[in-house]
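Next come two complexes built around chain A: one with chain B, the other with chain C.
Take a look at the complex of A and B:
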């Protein structure tokens, strides 16, 4: 089991596991906002059981999650690359692994295995919390606002496809 | 999107869908996002503050999206009748699309949606509305 998978499921401040907390701050507003949006998405997915239009919501959320992942990871990796962050290669590998996991869940769901998305809120919240605390906080003192691409996330998401 | 969207109104009766659309508009850089649960609430919100874009569901209680669109196009309560309106709906088919455009929507988009799908649609509508 990796270090990322050993963190407790509750928020590090004792709050909901679907909430960002100030101890997760990486010191940059756009990156923190991206992280908060992931938690909001996980929370929304956790509340969708039994909702009207559940399938269309999940189908939309899966696409949006994949796009968010692409855009946010690109924002982080561009900043780390700009400062020659020494742990970049390992960080990128972890991003790639999570991106592949989300894609596999989305593909399975779209192929008809609707239960594939059942664990998604926990997967997103647990992975993100652990990743921020064990990996992202390590680049906090390397990056600064001038090296972070602060455009709205949609533009990074589009760029990540090219 | 050459012109950023400062204020958007989401007209949607499903709270989770509303949150999802809110999240996507946030990723466009929009910070002032108003939620309305039906067309009547949307009319009230638009009369008091206007909007750069309206993301409208179709099937809602009290007042549905097409009726709300017709009232906006009529300039009810001083609302700008040229307001950009994207209909984002689970209703499908050519007949429905024709009815939506006849009511005055600028773009008919079917759910499910994605960040890029909605961004492309909103960009298209905003660009088309821009004065030449």
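Take a look at the complex of A and C:
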């Protein structure tokens, strides 16, 4: 089991596992906003489980989550690449692994296994918390605002597919 | 289509009575750069927000088709042009064809379906915030819906850009800029209601309507009423069983059609001379649609009249009027034109086809008879003409 998967489920400040906390700040507003958006998405997914119109919301949420993953990871990787961050390769590998995991869950859900999405909120929140604290904080002192693409996430998501 | 369009200065209002869905979409709108997003969970609250704050985009999110149409109408009919022209996106899990027509007629800017993604939201928002020309007509208010330019279009030119391109050919003129705001804020009738009006009395007369326009409207109302009559007769014709019943209905259709065509000719002259409102144009279009729909009945009725008249001449019950062949040939040409509208003789019912073929044969026989009679001087001493 990797270090990322052994992190506690509660926020480090004792808050909800679906909340971003200041100790997760990577020192850049767009990247912090992306992380907050991920937590918010995980929280929404967890809260929608019992809703009447659950399916249509989850269908949208899964597609949006996939776009978030693609766009945010590209934003980070572009910044790291711009400053020749030495641990870029390993970081990219971890991104790729999580992207594949989310895609597999989304595909399974779309293929008819609706229960596939049940554990997704926890998977996202846990992975993200662990990843930020163990990996992202390491590039905090390498990057600066000038190397981070600050466009809205949707444009990076589109770029990640091209 | 994707452009780096900045939404940072735009204010959006999401109207949705499903909190989870609203939350997801508001959250996603932020990721496409639309950060100033307000929410409303019912129509009155939304309307209040629209009037009290500066809203650049309204998203009616899974709000129900009827409620969305009602909300759109309230927006498009607002007195303030800034509110009446707000781009509006309607989103639902699915739209029926009827709902799409209603929403389009109510002036929707963009129609979308769930599930939504960041990209589809960006696409819809970009399209909505870069809308096409806003059209204000008597029966429609909303973004321009013209899909393509028709090279051979010969109808009325009503748009400002039409006027700029063809001042010389148009019969109409755009309103002066100062009058445009007043025109936008004027109440407009519902198009569906106008099209479905069966009787002219359903129209409320406008006290300020110029006399020429009022007369034109009366003529067109009569034509419209006659078109409805033809429509009703035509429906009966399709259900008619016996030949006698069919012949009777065809005669009635022919009489009503002739009356309608005369009224339409008069209306055409008046429209060319005095112009007309957009409401009248819509009504003329409805009449035209009725004529096309009833083309088969018209063709058959015309053919039966030719046959009936021609047979009276051929049997000797009537004389051979001077120029009868020209008149009948003209009638046949009119029938042929109507048959073309339907798609040719093969598309007609057996009874209609037979009547038209007989009409042609009778016309040919009368043409031969007329030729024969014009070449010979009548013999007044023949035994048939000698009084006993």
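As a working rule, the second predicted complex is superposed on the first by the 162 of 162 C-alpha atoms of A that agree within 3 Å, B and C clash if a C-alpha of one lies under 4 Å from a C-alpha of the other, contacts with A are read in each partner's own complex, and residues count from 1 in each chain.
Here, a contact is a pair of C-beta atoms (placed from the backbone, for glycine too) under 8 Å apart; a residue touches a chain by one contact, two chains touch by 3 or more.
Owing to the predicted nature of the structure, the values given are computational and were not obtained by experimental measurement.
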- Kindly say whether there is room for both chain B and chain C on chain A in the superposition, answering fit or clash. clash
- Message: Looking at A:115 after the superposition, I want to know if it touches chain B, chain C, both of them or none. Which is it: first, second, both, neither?
- Response: neither
- Could you say whether A:67 touches chain B, chain C, both of them, or neither, answering first, second, both or neither? both
- Task: Under the contact definition given at the top, report the residues of chain A touching chain B in one complex and chain C in the other.
- Result: 37, 40-41, 44, 47-48, 51, 53, 56-57, 59-61, 63-64, 67-68, 71, 151-154, 157-158
- The answer for chain A against chain C in the complex is residues 37, 40-41, 44, 47-48, 51, 53, 56-57, 59-61, 63-64, 67-68, 71, 151-155, 157-158
- Using the touch rule from the top, collect the residues of chain A that touch chain B in their complex. 33, 37, 40-41, 44, 47-48, 51-53, 56-57, 59-61, 63-64, 67-68, 71, 151-154, 157-158
- Provide the residue numbers of chain B that touch chain A in the complex, in ascending order. 4, 14, 16-17, 19-20, 23-24, 26-29, 90, 111-117, 119
- Residue ranges of chain C in contact with chain A within the complex: 2, 4, 18, 20-21, 23-25, 27-28, 30-33, 62, 93, 114-119, 121-122
